[in-house]
Structures are given as structure tokens and as C-alpha cells.
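The letters A, B, C and D name the chains in turn, as written, and every chain counts its residues from 1.
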């Protein structure tokens, strides 16, 4: 099949976006602070907004209720058998909190919070994770100064170097093993949906 | 992709059909009479069965009611502008009548007629098409003696010889015509379904 | 859970004359459907007009009738199962697969009966094939009649089948030397039958049980249909219950009264199985006018051949004075639909659009008049002539014929 | 219209112990459905069990959750639209296409807004691609857990897309030299975002509006979705509303908190986009046991790779002692599912079934233990290890692991 191509100079389709339209839709925030609106919010105000809008799912201290996401705690658990991945223990950048809370929270009423609300909530989540003190005020000015504890533990996909060489060997076809034993059964964990089980293994988050 | 293959000696799947099962399902009839059951029926009885079971769709004389199929008449119309294709004017073999009536008619109660019924109806349809007299009795014995008027006018697909050579020439790409005129409009016939029209052109039968 | 503390965001910036920017759309604020809303999903409510449609005046009764694939609403080469046109002669049969059997009888060493479970133990193959009714475009023999490619060309669909090569099933029964023909029979109230020459049966026919990944649809022969690649749709017997091997063809109703091609001199071709190469421009077309005015325009269409692939399609904008090679897109598979595009800068003036398919045997789709010269206008079937759409300045399109 | 004259036919011959021959089936005597019964068709009532299924304990709420494709009920390589698994983070958004816009902003010469109608004027391409959630098989990292390939491997589907090459849209806006990354954003209430390197964006990504011929389904992003061939499903942003060109990635929630792969030492891989080669035996499997006893048996499965085609799949019946090359069936397309079969004569003894995919780069699907040795068991994502089914004498199959 042939590839679709554009004429010299383009199609001239669509229309130029107005500055207002871009401002309305361009809601993303980056680690370097790009996208942050002017504003600020304190841990104290954050706690108040949180208790009205967030706590009934995520818990008063962001500890999570029932199966709703846990947002605080879990420091030092990342190499445990059951790591607890939270904003404090796992997230590499604070900008992600601001970005995500505005675009997707509260669940069911996205993009309803003002910039000051989101600064305040973000400050409260830093506080819940012992990253700032209770008198902290977060703003577009000091935002980039906050470093997240786990940032250094992220690294770029290295499968090409660490895995692919090992997984491109020609495999054995005949008499590859002497013995084969069954080492694990799904029926032991017993969580197949048909059975109505409540689940034992990890979820998909 | 690779083709699916059978092992030497086959799979041994399925089971042998019993003689009774084959007899039950093997209902097809061929022009040479293969498949015809023992039986017979007169034009007279055929007319009676016809009037109860067939006439309300196909008409008392097989002339067709409303848009239901016309089964008689139309002789000599095959090269007309609007040919009338019936058993008498078009069908090459009588066996097709027997086969079809038993397998598919009456519409809504297939395979309900006895062999004698079908012989009788078939005799009646021959009579309606002026192929036999009113005292005719059709049976498995005399079935193959009936020749249908239009049999000779059927011939095997000859597109390979009569059309393909003409339709495999490299076509013109540039300046192929001087003038182009529109010679027919769908809107003149005006039968697009959205318009609720009752239809002017030929149907699909 | 509304934000009860703090003001609504960004109010000042909401200045745009485009209604899409008038407010944050509800679907970007409020939660959508949960994952248990539709265990088997259906199209969006905004696509409800994308439907198979029937033409009531074509037949006596909607039970022995046809509906048409909305080609102008589709793209690519796969027809979704829910939109595959239907043609049946005594209604779509609801067959219970537990009570369905496939019998092979006649000139075979062993007459056999298979359950569906037996059949699932045979090797399978997967192929994409078009299925075109021999009567597709049949209403156009006497002149352009129906305004829309759904109606002029919509007796076709293109599906990936999973099925058992027919030759494996026949080998299991053991074809006797005299066995030169096969009768395929359906389990519907029409007891549909067609005679198939053994050469084709042993070549590429399949006994299929899946279409586009899932079980055949009821109206496409659930649980079993014969697939006869490249040959007219009526031979693809649905609700397949029986295969009889014989020494002669059966000349049944669907190969004598119907599906024979009456020529101008009153003689009729029988056994016109292969579907000749054909194409149609699906967009623009009468049901899909150009609504955007002059400028960049995407013309799109479909082409297929019962004899192989479609390496090339030509398109004309001026009723055949000048032709341009279209761009083929998507997998090119034998006896499958092919998608073509021709992008051009519309000057806003009237157009006379045509497409012309070339197949891998060198066959070039003829004009309707070339066909009429050879066959007359009474043949009903096998009209693969070039279709013309007249696009007006308004962008509306009409089914026309040209000199 | 019963035959009131003449006796019922063939009464004497009706002798068979098979209930299928006890009487003429009603569907072979009585009329079926008319052609206007279902303008958009649905599967047979006998296939009602073929459904997407969710697992309630996996997530807090069925609105931000997942359901699974019933792979064991399908064949060939196309997933029907109604059965394509769903994953959304704030529910499936019902977007009105008339109010939908695609914006391109950021490091471009012209920031642009497109209506759906504008987009229909760009050239399109058609490609079949698999879409696999990075979390597919994620529940199996700590050991075999779920009994059924629908649950262990069903976060995948394979569809023919029609879409605009992303590079054409970006060229229309004019990418500035500093533009090395792209942010794709959805119009759902999750406002889903992912960062995509420009090299991939300009390579084979599509902005798609059709799947398997018809409009995208609501739950697959109607009216517009990004197609990112071979890369993890979360990046295929649905309800696509905005593309921003930038000089750095955004590190948003779905590429930090989620969709990063935590290794045993507490470090985490980010930007693990490519889906490694993988395969699974769909039949037999826990939801599709062998019910026919010893004898000819069809083993079938699916294989795919984010890096190319699958020229070869190996199958073992004895837990990996001996391997056999499977038969590949159907079109072999890059970054598409491939169907394989292995037909064998089952001796009725227990089996330990595995399949092992080879892709066109030479990559061979590893064991789960080989992956665990490199990554531990906390990674959630990208589990492409070899799956084992234990088939018992009864034909029942269980999800197990072997030494």
C-alpha cells in the first residue's frame, strides 16, 4: 500500500486557535513548572478543601478508604513484598500532583477547582507525606523548589540493553528438561471471577 | 500462512450416517430423475391442492398475485423489453419444480407435502403452462419424458471467451473523450427508498 | 462532591465564538459509563443512522428479501458483522447449534454426520473474502435508478472467516472417482441448494463458523456457512446442513429460474459463478454529499475481484476524459475488498466521478454500455459496470450515466 | 397454509437415535426473520455467553476499571468491536462529535483547531494493530492467579483502524525545531494524558476515527483516538482532543504513578512503551476445556509483538520438555495479532501446555521466571512470560506454573 502524503505547503485545513481557546484547554503542567497558573494555597486551607472534596474517598489523612487510592505513606516499602506506592513514597515530581488533581479530581467533577484550591490541596498532600510542615504555603513561585523523595529511583527503559540480548537466543526444541513439576495453581489462590472470590493477588491499580 | 492438512487415513471424526438419516435428509431431485420418490398425481388433484395451498399467493392459474411470483405464461417474451420468466417460459428442467416445491413451498410450511401431493402440483403447473392436457397424471415413471420448452436456450458461462479478451486491454488515461453528456438521471426514475417511491425499474426477483 | 470551597476556574478566559469552547463539556467533567455497562457493545447513539436498509418494492415480502450494507458510512476493508447485508429466501433461520448437523452423502466412501463439536476438531484457516450477491447493481441494468451506493452496490460485505477447508471434510468422507459435483444445502425453510464443481470445492472453499473473530451471525448462516471465495454470494450456502457428492449438477431453482443471466437474444448463461472485477466510489456519493465546499477533498471507494487482488484503481473527475491512479490502502488480499483513495483540490465546479478497477489477471472493469452491448439489459445479475456520480456545485451527488 | 390434502411426508423413515433427526427442525419449515428485523445486527441468542467480563475486586469502582476480551471464544485475528476490552479511568465518555475539536498547540508555527469535518479532509490509511494494556497479565506476576485466558490475557484487542497519519496533522501545524515530545490529551473526565517522543509520533501513529470499518465505539474513544502501534494501550489516548508539542516530556500521572515498572530493588523503569512479544493458548484453556476426550484435537492461540510480525510460535504439550512449531494462519501483519494452531492426537493423558512467540527481530518470549529474575514481582506491567495450562484427564484446564 502507498503512504498518504501532504501537498507542498500543507492542506490549509482547520483554523487558527485563538489565544483564549488555547488558554482554556492548555491545562497541562510540567516538572519544570511550565503551565502553572499564578496562585497559592496553604496546607491549612488545603486540609479544609480536602475534607470536603477528597477525604470521603481517600481518607482524612490521604490514607485511602476501602479500595480507593492511598496517597500518603509507604516510605521505604518500594522493595518490599507489597510496596505501597504513594505521592510521597513513589511519585517523582510534584507537578504531576497539581496537573492530575486539576484535570481528574474530584472523581466525577473534574476541572472544577480553582488554581488556589489546587495549590492548597497539593500543599496538604505534601504535608500528609511529611514533605513540608503544617505552616507551608505553596505557590507558583516556590513550586519548583520542592523535590520529591523518590525522583532519583526512576530511570529510562533499558530493556534493549538489559533484556533483549538474553531473550534473542535460539531456544531449545527437544529434550529441554528432565523433569517438570507444577509449582503453582490458580485454584489455590481461588480468585477467578466466576467464583465470586474477593481477590488475593495484586490488582491492576 | 501454512495450509491446514489432514493426516494419512483421515481424522476419523464424525460418525457414519444411517440409511434412514440419509433417506430423511437426501431430498434433492435431479434432471435425470435421481432422487424422485415413488408416487404419482393428476392435474385434477393438483388443482385441488393448489387452490388450498398455493393460489392465495400465486393466483388460481399460477399467474401471480400482487408481487408474488408468476409461475405460468410468458412464452416468447424472453427477448422482450420486460421478459416474463416462468416455469413454462424459462425453466429448463421439470425436476427443479418438484425439488423446489417440496423443499421450499408452501412458503412458511416447507417439506410438508407428500410425494403424491408434489407430483399432483407439478402436473398442475405443467398444465397451467400448456405443456400437458387436463387429464395428465405425473409419476416417477413418466417424469423424465417431460421436456421443458426453454431447455435449449441455456448455455454454459462463456465470459472467458466472449468478454475477457475485450476487457483486458490497457485503457486510455488522458484525453479519452472530447465531450461528456449526462444520458440518464436516477432522479428521473425517482425510486430511491428514502422517497417512499413504489419502484419503477426491475426488482431483484 | 463539588468543590464547595474556592471559585470556579478560568471563567475569564472562556471567550470563543466556537460553541465547542463555550463551556467545559459535561463528558470532560462527569463520569462516563462503567465497564459493566455493555458486556457486548453497540455503536454510539450518534451513529444510529448507520444501518442496513431494505427497499420494500424490490420483493413481494421482507422475509424473502434483501437489505443493503451502508458502504458510504464505512471505511477500510472490513465490514462490521452488524452491518453485513442480508439476503435470505425464507427468512433468517435461528438454528440451535446443539441440534445442527452436517451430513456428507452421495458418491463418497463413507456417508458421515458431524456435530458442531466434531467440526471444531478439524484444522482451520483464516481468510478475508468479499461476498457479493450476483444481483448487486442489478437494478441499474436499464439505467441509473437508485440514489446511493448503499442501494446500487450494497449487496456486498468483506469479512475475515475462520473455517475448515472443505477439501478436508470431503477427504474424510472419501470422494469417489465419479464425484465431480457437490450439492450444498441449507437448513433454513428455503432449504437453499447450489451445485458446485468439485474443482472449486477442493480448491479454496471453507466451511466457516466464525466471521470477524466471533460466531457467524444468525442472518449469515449461524452456526455454519459455506465460503466460496470470489463466487456469487448465493452459492455461500448458509445454515449449511448437507453436502452431497454427485456426478452431475442439480440444476436447482437457484441455478435455473434464478442466478442465470438472460441475454438480449433470449438465451441464458448458466453457472456464471465468478464475480468480475468491480469498484464504486463510496464518498462522495448521493447519500454522502460534499458539505465542505471547494478545497482539499478525500474521494474514497472500494474495489474487488473474484479472480484475485486489485493492484490498481483509476479515478476520473470529468466523466472519463482523464483518469488518475488512486492510492490503494490497507492489506491487499486475494478475493477481498480493497480500499482506494484519491485526494484532490476541488474547485467547487460540477464533477462526474467514476472509478475503474484493474485486477491481478489484467481484467479492467468495463462501462455499463460495454456490458449492455454484450448482454442486453435483462440479465439482472453480474452488473459490474462503471458507476457515475454527478457532484453538483452544492456538493450534492446524483446517480447518472454519461455518454 | 398447511397441506390439508395429502399425508405428511416420509414418516416411516424417521428412525435415528440422534435427536437432530427426530423431526424436521422448525427452522427448516417455518419462516425466519425478515430483512428489516435488525438494522444493526447482534449475535445469536445461543452466543449470549460470549461477553466482556470484569473482575470487581481489581479496582475500587467499575467506573475506573477494566473488562476483558473473551479470547477463548474468538478465532482468527480480528476482535469484533462489541467485544474489545475496555479500560477507562473516569468511565466511557459519550462525546458529541459535533462539539468535538482537536487542538494542536505548543511548539508549532500555527496553533490549530479542527472539527471532525475538517479531519475528514485529510488523507487516511488503514492498518490492523493490536492494542494491549501494559497491565495485561499483571495479576500473574506473583504466581498463577486467574483461571481463564480472558482474565490472564484479555486486556488486548486487534482491530483494523482507519485514521490520519499523525505526521500529516503535525506538519499542518508546523513543528518547531525544539519540538521533541508530544502530549496527547483526551476529552474524558480523566483528561487522560501521555507524553510521546516525536520520533514515534512521526513514524506510524494515526489519529483514527474508524475501527473495523465503522465509527470508533464510545468505549474506544469515539469520535477520535490516537493509535500508537506496538506501544502500550494507555498511550492510545481516547476521545483525543489535544496534541501539544513540547521540548520535554510531561511526566504525568499515567507515566509516573502508573505505567512505570517497579523493579525488585525499588528502582522503577519509566517510558517502557514497547510491548514485548507474547503469546497465549486460547483453546484449550480453563474457560474452554477439552470435552471430546482422546483423539484429534485443535490447539489454538494468539501471538503478537510490538516490534514487528510473528514468523513463528512454538508449542509444548509436556511443560517445555519438547517443543513443536505451530501452524500460523491468516494475514501476517506488523504489530498485529497472529493466529496459530497446533493439531495433535490427544492420548487422553494430562498435558502441560505452553506457547512461545518468536518475533521478526529474533526476540523469543521468555518464561515468567526469567522475567522475575530480571524484574522481581512488583512491576505490575509488561508481564509477557510464557503461560502454562494444565489439562487434566477430564479435559479441564487450570492455570499453573511449572518448574
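Things to note:
Quick note on the criterion: contacts are C-beta pairs under 8 Å (C-beta built on N, C-alpha and C of every residue); 3 or more make two chains touch, one makes a residue touch a chain.
Model, not experiment: these values are computed from the prediction.
The minimum number of touch steps linking chain B to chain D comes to 1. Counted by C-beta pairs in contact, the busier of A-D and A-C is A-D.
Remark: chain B and chain C have CA centroids separated by 24 Å (rounded to whole angstrom). Averaging C-alpha coordinates per chain places the centre of chain A 46 Å away from that of chain C. Residue positions 1, 4, 11, 13, 21, 25, 107-108, 110-111 of chain A are each in touch with at least two other chains. Residue positions of chain D touching 2 or more other chains, listed in rising order: 18, 21, 28-31, 53-54, 61, 63, 66, 90, 113, 121-126, 189, 191, 241, 295-296, 327, 329-331, 341, 343.
Chain contacts here follow an irregular pattern that is not a line, a ring, a star or a complete set. The full set of touching chain pairs reads A-C, A-D, B-C, B-D, C-D.
Contacts from chain B toward chain D in the complex involve residues 1-2, 4, 7, 11-13, 18, 20-21, 23-25, 45, 48-49, 52-53, 56, 102, 106-117, 120.
Contacts from chain C toward chain B in the complex involve residues 53-61, 63-64, 66, 89-90, 103-106, 110-115, 118-119, 121-126, 135, 138-148, 151, 164-165, 168, 171-172, 174, 183, 185, 189-191, 193, 241-242, 244, 246, 248, 250-253, 256-258, 260, 262, 264-274, 276, 286, 314, 318-323, 352, 356, 361-366, 370, 374, 378, 380, 390, 398-403. Chain B makes touch with chain C in their complex at residues 1, 3-6, 10-11, 13-17, 21-22, 25-32, 34, 66-69, 78-79, 83, 85, 87, 90-93, 95-96, 99-100, 103-104, 107-108, 110-111, 153-159, 162-164, 166-177, 179-187, 189, 191-194, 197-205. Of all the residues in chain C, the ones that touch chain A in their complex are 1-10, 13-16, 18, 21, 24, 28-31, 295-296, 327-332, 341, 343, 345. Within the complex, the chain D residues that touch chain C are 18-21, 25, 27-47, 50-54, 61-63, 65-67, 73-84, 86-88, 90-97, 99-101, 113, 117, 120-128, 160-162, 187-189, 191, 209-210, 212-215, 217-219, 222-223, 239, 241, 291-292, 295-298, 300, 327, 329-331, 333, 339, 341, 343.
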